[in-house]
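Heads up, the next two complexes both have subunit A, just with different partners, subunit B and then subunit C.
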Partner chain A sequence: MARSPDPRPAGRLGGLAAPTLVRHLGAAVLAGVVLLIGSNTIGDYRDYQLANVAVYVVAVAGLTLLIGLSGQISIGNGAFMAVGGYLAALLLADLKWPLIAILLAATAGAAVVGAIFGVAAARLRGPYLAGATLMLAVALPSVATRFQSVLGGDQGLGFFIGVPGFLGPNVSPYRWLAWVTCGAALVTMVLLANLIRSRTGRSWRAVRDDEIAAALAGLNVARLQILAFVVSAACAGLGGTLLAMWNQSVSPGLFSLTLSIQLLTAAVLGGLGSLTGAVLGSAIVVLPYTYLQNQAISLGMTTATGSNVPILAYGAVLIVVMLAFPAGIQGLLAWMVRASRVRQAVRWLTGPLARRASPGPSVHSAASGHPDQRSAPAAEPQEKGTT
Partner chain B sequence: MVEFLEFTLSGLAAGMVYAAIALALVLIWRGTRVLNYSQGAMAMLTSYIALTVINETGSYWLGFAVALAAGLILGAVVERTVIRPVTGKPPLNAVIVSIGLLILLEGLAGVLYGSNNRSFPFAYSVNGLSIGSVALGITRNDLFTAVAVLGAAGLLAAAFRYTSAGLRLRATAFNAGVARLLGVRVGRMLTLGWALAGLIGALAGMLVTPPLLNPNSMDAIFVLGFTAAVIGGLESPVGAVAGGLLLGVVLNYASGYLGSESVNLFGLAALLLVLMFRPTGLFSAAPARRV
Partner chain C sequence: MSSSHRARLAAVAGLAVMSMVAAACSSSSSGGGGGGTVSTPGITKTTITIGSHQPLTGIAAPGYDEIAPASNAYFQYVNAHGGIFGRKIIYKYLNDQYNPSITSTVVTQLVLKDKVFAIFNGLGTPTHLAVAPMLNSEHIPDVFVASGCECWNATSALPDTFGWQLDYVREGKILGSYIEQHFKGKKIGFFYQNDEFGQDGVKGLSDEIPKSQIVAEESYVPTNIKIAPQVAALKAKGAQVVVSFSVPAFTALLKLTMLGLKYTPQLVVSDVGSDPITLAGLLASFAKNKTAGFGNALTQGIITDGYLPSLGSTSNSWITLFKKIHDTYVPKLPFDGNVLYGMSVAYTFVQAMFKAGKNPTRESLISAINGGLPQGVSVAPYVYSATDHNGISGAYMGVIKNGALVPTGGVLVTDDTATGAVTAYTTPQLAAPASGIPSP
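Presenting the complex of A and B:
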């Protein structure tokens, strides 16, 4: 298929493209205001937890895009987080860069590693890709042990960024941490939301649903798959830097296989391919952890035993969700909204939010016909039923 | 030269365990097209059961037998309860369910037995064997490991080749639809495949767990066994054993000559190198992509 110039008149294109961006920006600004007000009222511990959730949101959003949109699996995105985190720690320790430059450089560095790995990954399918990413998650952190003099071995490297002076003494380090992480999460979400609604996003969905049909339609499948890995690795790199900041240090133990599996858990629980789901999934993976642990200990378990209760619970929830609601929590919510009588009212109220959620590989997600999707019917196939 | 021989032999000994895990994965993959990420966790749980029996009765071999039986049962139960509902669904669902099972089993072991290391007995002595004054780099226990894994693989191969149940298992793996038309109880065969894989996994767990057992002690072994299965090509039991031995030897050279912290990096390098030239592993037939 020859790429003809876009048949849509410029005015119409502009008229459609602008609301998407404006809508996403509007939602982000709204969320930003809520978070800003919220972070000032909830206290240090809650700020610390909020920051933890935001860190996960950044990394999980990239992973949910990779799995849900381009259809490639990665069990090893924790490795890209490690790349970002270590790069950031080195830049801070050796070059004393400012925070914003460190965040950007670590994101770019992880993206480069993602591109290199993505080239290899684009040749692999299904279990072979899963195996390669699993090994990546296990092997990459051991680089830090191998090059102990530079990367600090098992002890790791410190990563401490204090509250900047101009904010004065009234802003606690935890509130500052929450601002930085939530800000980064919002920027990531806006960028990804636009990417999902772009030509690239539609091409990813076409590749996911039928690789051969997508290739016949003129899409460069390998390049799209590599691009998905780059985007997902960039998000992971940013997330890794933020995790380093949250943890105030980087070490191989911080980026263990457990982290990679937690990212996958969050993406699946939220609903693959959905940014709203990434937020829900991250909150579910992060927030109840301490609560469950404390409940178990208060029931008479030792600390060592009680710390296993949340793990047990997450395993059980993951299995139940996959058997009962394969589209995750976001899919369940969407289904409930559609099934309910107040559907119209809810849709009117949450319109921008619902539309931000992209259709993932699920039967529940709405394939609502937006006008600008109609121009590319081949690249926007009907949702396949998974249940 | 002596050092090289030593590294090769101890590498083969380590590779035997990867081969056993890989064999279990291949058994399941051929039957159900599911990669069982919980294989290592299942083996960890059966090792805990064995340890309980050993501590109660004082008999290592009773514990060994109980572990194998528990593996058999656990495999069948897992297939019936959580895997059966996701077969035929998108492949990702099964991946997630088995990862969920991995987390569940590790959490369960942690709640039941605690997260601390427990000492786990070897089957045989771990004093290094030598011929004259030449150290071989392997122990009596390593020999037992090799005999047990090769024996299990041989028994399995013979059962697949010469028994009626083996024929039905092969028919199910080859084409479930046709097998069902020919009167094979496909569902039972899938359960049997998972049970056998659980047994092989439990064997691997008994062989590799000593000296220490904790809820995560099988993680690293599982990842390497998985790598071995992928290197061998997931379709082939022979490939699984060959991949396991190859990986064991390569990793042992890496750790012997370059230091033990390089092991995982070399595992990744070996995996990527093989997959770059053979994207579906060494021993798989030319892939036919379904349109």
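Presenting the complex of A and C:
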């Protein structure tokens, strides 16, 4: 199922952190420049869509870390997004905080709720955990209708943040939206990428693969599982705030069960445990939606039928992906790269050089234990908690 | 490949793909602009593109999903007869499922991708509230919202938004004054949608009905169809008259739940929740009862009001006109109150576009409506001015008999203040133009 991004046991515990951080920051800056140039050229509607993808990336990255690394499933991360979104809307309406403070506070708020729920989650396994998180996703949005005077009921609360004055009139609200959401997505990716490669990340993988062995090795399993929930909920809280900003409002309908399922779909489609997969999965869940719907309606279906076509398509794709490529699109791409003739050709060309430099099999295949002849990326160890 | 290399590749590849997807998509959007020589978005030499958000599926869809197709039918009729100064109207309406968060998405799509000239007849109070600030901040005309909320009459905060139908405060006052006169001393209960739609209605009702008579105020939210506790509360408080500000599905649920509790008060329902044909269909479908006349038997005697001509008055020139257009363009839809509504509001838009001039701009449309519109299909005049963005100012009272709304009195008009009187309006309504199209 989930491929750990780091299949080798890392030998060194210290010393590696600084270079890793530098590398990730470098990649993020590079991606940031590309996104900045891109957002200035693609027009308002594409900026709006780009922002939507970035919002999902933030939330899905947290979820894929929870499921893929710590081995706990959550069908309810939409609820943590709701916590972040509503907290942000209240802070904006009542206290008029600046955007950056709202983003941080909403992230922290969702993390606290995640910690509380994580304590319960650490006691649950497999379908029971899935059920508990599902309950959270179903129940939490109706809190807003129960406390209508504060939370605005079904109508929700407005969340309208204009372009800051110093940027001048030439920056459209949608470009500004794309900047904020992509910036937040990049920061999240860098932080999570480092976390995944840290001692904590390795401990999560140990817990995921065998809780008893991890406990015998001295790891505090419950604490690690709660921490994973906190990180995942924090990402969801940030994502929920950005979703509110993107939608310009928060309402129970924004954080429906469908949202939680979409997050899960994006994480699974992309490849559980993979940040690249989180980006790919988010793009796939967000971008074709309107297109599919319009196509279906223009093909003569009634709107009532056409509106459901994207959901049908996602369901079908999800089933196919789970059957054929359990490691998701990221796993599929990695497998294609490994299996491709391009790579064989490269090996054939570089082989003599490599052999001259270091006799014997290549470092990669020996260390990773994944020979290139593998037929499909399905031979992953079965995990607990992801049934 | 070292592990750090892989992680770095993962991050770079992910973000690069994200930007590539965005860049690749952008190439297809370049052709979506206004085109032509005029710079106003949505206006070309031959077309006027407008957009809307409508509940085509979901809890508010029954009945309301006929409105936009009916409006479109009237636009097609106008297009086939010369258009608006030669321009054809293209009406693009998207499904928001009566979910405010989807409204925001589809309206942003209409504005950014389809580059519409105006948002026309966006349906629903909670839904449209989610987009009105955005539309006004970008000065996109937001005309003739399909909701009677007083919130659209906010000329300083929402200068580009206009209501159209009888607003719920006026409607509440007209219903309330009728109840005050005809049900003296009876116990009155309210059942309303708990948002600005229902709250405005309750405000108008409370202006007219003496406090001592009001025994219960129960509300519902559209996402929760279990309303038995509210109905039981109305029964327990002994309400003999129940006034309902509800969408049709909840009017039907209310009636069926009352039936289940053997509770038979006099029902008074606001116009938006009382179309007899829609209600009869919903009642039969919810109760899974296919007996002919089942629905009509249950709607018999419901008191309501109407601000458009009654569908039953077949000699009325407006009804004749719209029946003709209905039979040509949307014969599969029932000719009911929703179809009449859709065509009437479309007629008003054509009136306003003619008034906006041969080279319409967003500003000229807004100032055209601010200058007032002549009374068209509605039974009472419009109140449009630079300081009033409500629409129709009055209605007649009626009762549902054998599946049709039968007027029981003359037209009443009022204002939206707590003290303004409800008075009779006796000026007769002008006949529909022979061409079926308002004169420029």
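One rule holds in what follows: the second predicted complex is superposed on the first by the 327 of 387 C-alpha atoms of A that agree within 3 Å, B and C clash if a C-alpha of one lies under 4 Å from a C-alpha of the other, contacts with A are read in each partner's own complex, and residues count from 1 in each chain.
Note that in this section a contact is a pair of C-beta atoms (placed from the backbone, for glycine too) under 8 Å apart; a residue touches a chain by one contact, two chains touch by 3 or more.
Everything numeric here is computed off the predicted structure, so don't read it as measured data.
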{"item": "Subunit A: partner with more touched residues, subunit B or subunit C", "value": "C"}
{"item": "Partner chain(s) touched by A:38 [first = subunit B, second = subunit C, both, neither]", "value": "second"}
{"item": "Subunit B versus subunit C as contact partner of A:103, first or second or both or neither", "value": "neither"}
{"item": "First (subunit B), second (subunit C), both or neither touched by A:156", "value": "second"}
{"item": "Partner chain(s) touched by A:254 [first = subunit B, second = subunit C, both, neither]", "value": "second"}
{"item": "Partner chain(s) touched by A:57 [first = subunit B, second = subunit C, both, neither]", "value": "second"}
{"item": "Partner chain in contact with A:23 - subunit B first, subunit C second, else both or neither", "value": "second"}
{"item": "First (subunit B), second (subunit C), both or neither touched by A:207", "value": "neither"}
{"item": "First (subunit B), second (subunit C), both or neither touched by A:145", "value": "both"}
{"item": "First, second, both or neither for A:197, with subunit B first and subunit C second", "value": "second"}
{"item": "Subunit C-contacting residues of subunit A that also contact subunit B", "value": "142, 145, 304, 307-308"}
{"item": "Residues of subunit B touching subunit A in the complex", "value": "29, 35, 82, 85-86, 89-93, 95-97, 99-111, 114-116, 215, 219-220, 223, 226-227, 229-230, 234, 259, 261-265, 267-268, 271-272, 275-276, 279-281, 289, 291"}
{"item": "Complex contacts: residues of subunit A adjacent to subunit B", "value": "67, 73, 75, 120, 123-128, 130-132, 134-136, 138-140, 142-143, 145-146, 212, 257, 261, 264-265, 268, 272, 301-302, 304-305, 307-319, 322-323, 326, 361, 386-387"}
{"item": "Touching residues on subunit A, where the partner in the complex is subunit C", "value": "5-8, 10, 16, 19-20, 23-24, 27-28, 30-31, 34-35, 38-39, 41-46, 48-50, 53-54, 57, 142, 145, 148, 153-156, 158, 160, 162, 173-174, 186, 189-190, 193, 196-197, 247-249, 251-254, 256, 274-280, 283, 287, 290, 303-304, 307-308, 330, 364"}
{"item": "Complex contacts: residues of subunit C adjacent to subunit A", "value": "1, 3-4, 6-8, 10-19, 21-23, 25-26, 29-30, 32, 56-57, 61, 65, 95, 97, 99-102, 104-105, 108-109, 112-113, 125-126, 129-131, 133-134, 137, 194-196, 221-224"}
